[in-house]
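Structure below; questions to follow.
We call the chains A, B, C, D, E, F, G, H, I, J, K and L, going by the order they appear; numbering starts again at 1 in every chain.
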Amino acid sequence: MSDHVYKMLELTGSSKTSIEDAVSNAVAKAAESVRNIHWFEVVETRGHVEDGKVAHWQVVLKVGFRLE
Amino acid sequence: MSDHVYKMLELTGSSKTSIEDAVSNAVAKAAESVRNIHWFEVVETRGHVEDGKVAHWQVVLKVGFRLE
Amino acid sequence: MSDHVYKMLELTGSSKTSIEDAVSNAVAKAAESVRNIHWFEVVETRGHVEDGKVAHWQVVLKVGFRLE
Amino acid sequence: MSDHVYKMLELTGSSKTSIEDAVSNAVAKAAESVRNIHWFEVVETRGHVEDGKVAHWQVVLKVGFRLE
Amino acid sequence: MSDHVYKMLELTGSSKTSIEDAVSNAVAKAAESVRNIHWFEVVETRGHVEDGKVAHWQVVLKVGFRLE
Amino acid sequence: MSDHVYKMLELTGSSKTSIEDAVSNAVAKAAESVRNIHWFEVVETRGHVEDGKVAHWQVVLKVGFRLE
Amino acid sequence: MSDHVYKMLELTGSSKTSIEDAVSNAVAKAAESVRNIHWFEVVETRGHVEDGKVAHWQVVLKVGFRLE
Amino acid sequence: MSDHVYKMLELTGSSKTSIEDAVSNAVAKAAESVRNIHWFEVVETRGHVEDGKVAHWQVVLKVGFRLE
Amino acid sequence: MSDHVYKMLELTGSSKTSIEDAVSNAVAKAAESVRNIHWFEVVETRGHVEDGKVAHWQVVLKVGFRLE
Amino acid sequence: MSDHVYKMLELTGSSKTSIEDAVSNAVAKAAESVRNIHWFEVVETRGHVEDGKVAHWQVVLKVGFRLE
Amino acid sequence: MSDHVYKMLELTGSSKTSIEDAVSNAVAKAAESVRNIHWFEVVETRGHVEDGKVAHWQVVLKVGFRLE
Amino acid sequence: MSDHVYKMLELTGSSKTSIEDAVSNAVAKAAESVRNIHWFEVVETRGHVEDGKVAHWQVVLKVGFRLE
């Protein structure tokens, strides 16, 4: 890890099924345009409710990748 | 969303199976007495341990609903 | 609960499958050397990414047990 | 203020014009059903954007009133 | 604790004598209208000063009770 | 909102007249290079003082937009 | 800015009209007895309510000035 | 409270007997040199231990007084 | 204090009578197995309620002791 | 500073020698692709340990630059 | 430490060379007008950047001194 | 990193010379009794002042090590 520099992006992923899936969606989306993503950190977990049921899980997270 | 006013309630839901289930239980309970729930935010995730295993997931969350 | 005293340990559990599994792994590991674990609190949720996918969920948590 | 007890409600007010107006809308709405509101505290300021302009100011606040 | 759901109320209790008494006053007041209060958490401790002496202790707390 | 992914940018807007104007300036600037901005959140409010008067309001905010 | 040292004071300004006015009142008051005020940071926004309307905006802020 | 401006001082009071006494000591000391103290807020509670017993309670608090 | 190293333990003490007593109970318990405890810091104050009255005060605290 | 808008990036710099060096590395890296960097704020300081010694200092920081 | 009362001042020190030097500058400046400074706590570390290099380290800190 | 479990210890290191040295002292002390220390995180930086100069740097940190 010597003198590498990393950049963090803050994203919100969403999913109808689970918190893990919302995170995975955001990571996959970020990986479309950024290489070398190494880690993520969950910042906040929230969601939308419709008809008394959770309709979408929304997870705010930071993803970190190495600058080349 | 013009000039609507929303109210937030703070609840703790519990479940033997998962974090998502604990949230859903709390949202469903709130929906029994409150209409127009739009969103929730997770405040804290914790749980009870029995015999070295997670016995219950307990999730503190806020639910927001529109005042009529 | 009268005048009992509890101690909290801070641990990080990891899992390839889910947040719940990472918590359970940490609680099970702690239970190998500590008796009377009563509860846990999630402090932070993060993870490693490989090839644009979540490779490991890492959950920082505190576990509380009664001092005898 | 002797031994009075106060209760706080968490609300989100919104307004097209200003932060102050969003707060005032929430306080006025609360005053329709609660007497003796004494103070408020702003918890968070956010808003919606449409076409590159702020469309609504949304202010999360707590209002405190004396229980009778 | 299976699948119970709990609700938290945020209150401010006051007392001329002590922090503990301010908490007890708020809990007692809440118990007049809510059953099944199980726990409280102190959020903030403050107070009024008159003539260079503490005139009232004011404690902001959350009380949690089980929804039936 | 299904499975959309959103990105947040952290900006500081400034204005000689008001907090709202500082926010609007930052949102307008961001909209020059980013489409689909949906919301903002105020992170911090500060400012410069000259000759005992507020010379500029500076508002740190996050803006969120949908990734296409 | 070389090796200057700055001191921060924590103040609460109030106003019947707006958040900005409450800040300006506190800055102006501080400027009566302190020279070289350079910046301020808002710490908290709150206020008093009378008859269901905001009677006073109260803003807690820090002001920073250069020590000579 | 119209357009008054208040100043807050951060103090640490100590006492061999109780948290309340540590607060009262700090408020009394502040009142020796400052008039018009209206309120205090507890920031942190800590203390010294000697021979396995609490030797001193130390309470960090802010006191607010009206600037004349 | 030269180059000493200190370790902090996180404990929860409980008491039927007061916050101070809950802290003292936890410090006394820690002193049974650890020497050189120098200070404590209160992290959280909470408690159990039974029949509308505070049944136990529970104080989460950190105790610091010098490593030999 | 009139009506300028600034953007903040969150980076992690690392160094084998010091916290200051880790910050400087991150700022230098950012300056390769961004002009007008004006300030930075340290968010978190951490590091890697190998063989009981600090192997790398890792500093999470935000850098702010003026949008043109 | 019996019943002493301490006061904290919030300062910002700056230095071209290091974080430690910025702290020392602020402490030395405070010691010109205040006796009995016992401790300091770092609140925030930031700095100015010029030409892609750290030009000044700025450290916000609190210094505590005993009131006589 | 598969399903490893890590434990964090909270320590305070001190040094007459620098923040980095205080961290290194604490890590070295922990390594005397714990194997597999992988990382540390700085929690707080403070220190003692004597005669208007920094006498000791005190750094509170967490160290994380893999449980075997």
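Following the convention adopted for this analysis, contacts are C-beta pairs under 8 Å (C-beta built on N, C-alpha and C of every residue); 3 or more make two chains touch, one makes a residue touch a chain.
The shown structure was predicted, so the numbers you read here are calculated from the model rather than taken from an experiment.
Student: Could you run down the chains that neighbour chain D and chain K together?
Tutor: Joint contacts, listed by label: G.
Student: According to the touch definition, list the chains common to the neighbour sets of chain H and chain K.
Tutor: For chain H paired with chain K, the chains in contact with each are G, in label order.
Student: Can you spot which option in H-K, D-G or E-H is basically F-J again, with over half of the contact pairs the same by residue number?
Tutor: Within H-K, D-G or E-H, the interface duplicating F-J belongs to H-K.
Student: Determine whether chain G and chain H, two copies of the same sequence, contact each other through the same residue numbers or different ones, counting it as same when over half of the numbers at the interface appear on both sides.
Tutor: Different, since under half the interface numbering is common to both chains.
Student: Centre to centre, by mean C-alpha position, how many angstrom separate chain D and chain I?
Tutor: The answer is 38 Å.
Student: Could you state the distance in Å from the CA-based centre of chain I to that of chain K?
Tutor: Inter-chain centre distance comes to 31 Å.
Student: Just the number, please: Cα centre separation of chain B and chain K in whole Å.
Tutor: Result: the chain centres lie 44 Å from each other.
Student: When the centre of a chain is set as the mean of its C-alpha atoms, what distance in Å lies between chain H and chain I?
Tutor: 22
Student: What residues in chain B touch two or more of the other chains?
Tutor: 10, 19, 30, 48
Student: Between which chains does touch occur?
Tutor: A-B, A-C, A-F, A-J, B-C, B-D, B-E, C-I, C-L, D-E, D-F, D-G, E-H, E-I, F-G, F-J, G-H, G-K, H-I, H-K, I-L, J-K, J-L, K-L
Student: State the interface residues of chain I toward chain H in the complex, per the touch definition above.
Tutor: On the chain I side, the touching residues are 19-20, 23-24, 27-28, 30-31, 37-42, 63.
Student: What does chain C use to touch chain L in their complex?
Tutor: Going through chain C, the ones touching chain L are 9-16, 25-26, 29-30, 48, 56, 58, 60.
Student: Which bits of chain K are touching chain H when the two form their complex?
Tutor: Counting only chain K, the residues touching chain H are 1-8, 10, 62, 64, 67.
Student: If you look only at chain G, which of its residues touch chain D in the complex?
Tutor: 18-19, 44-49, 51-54, 57
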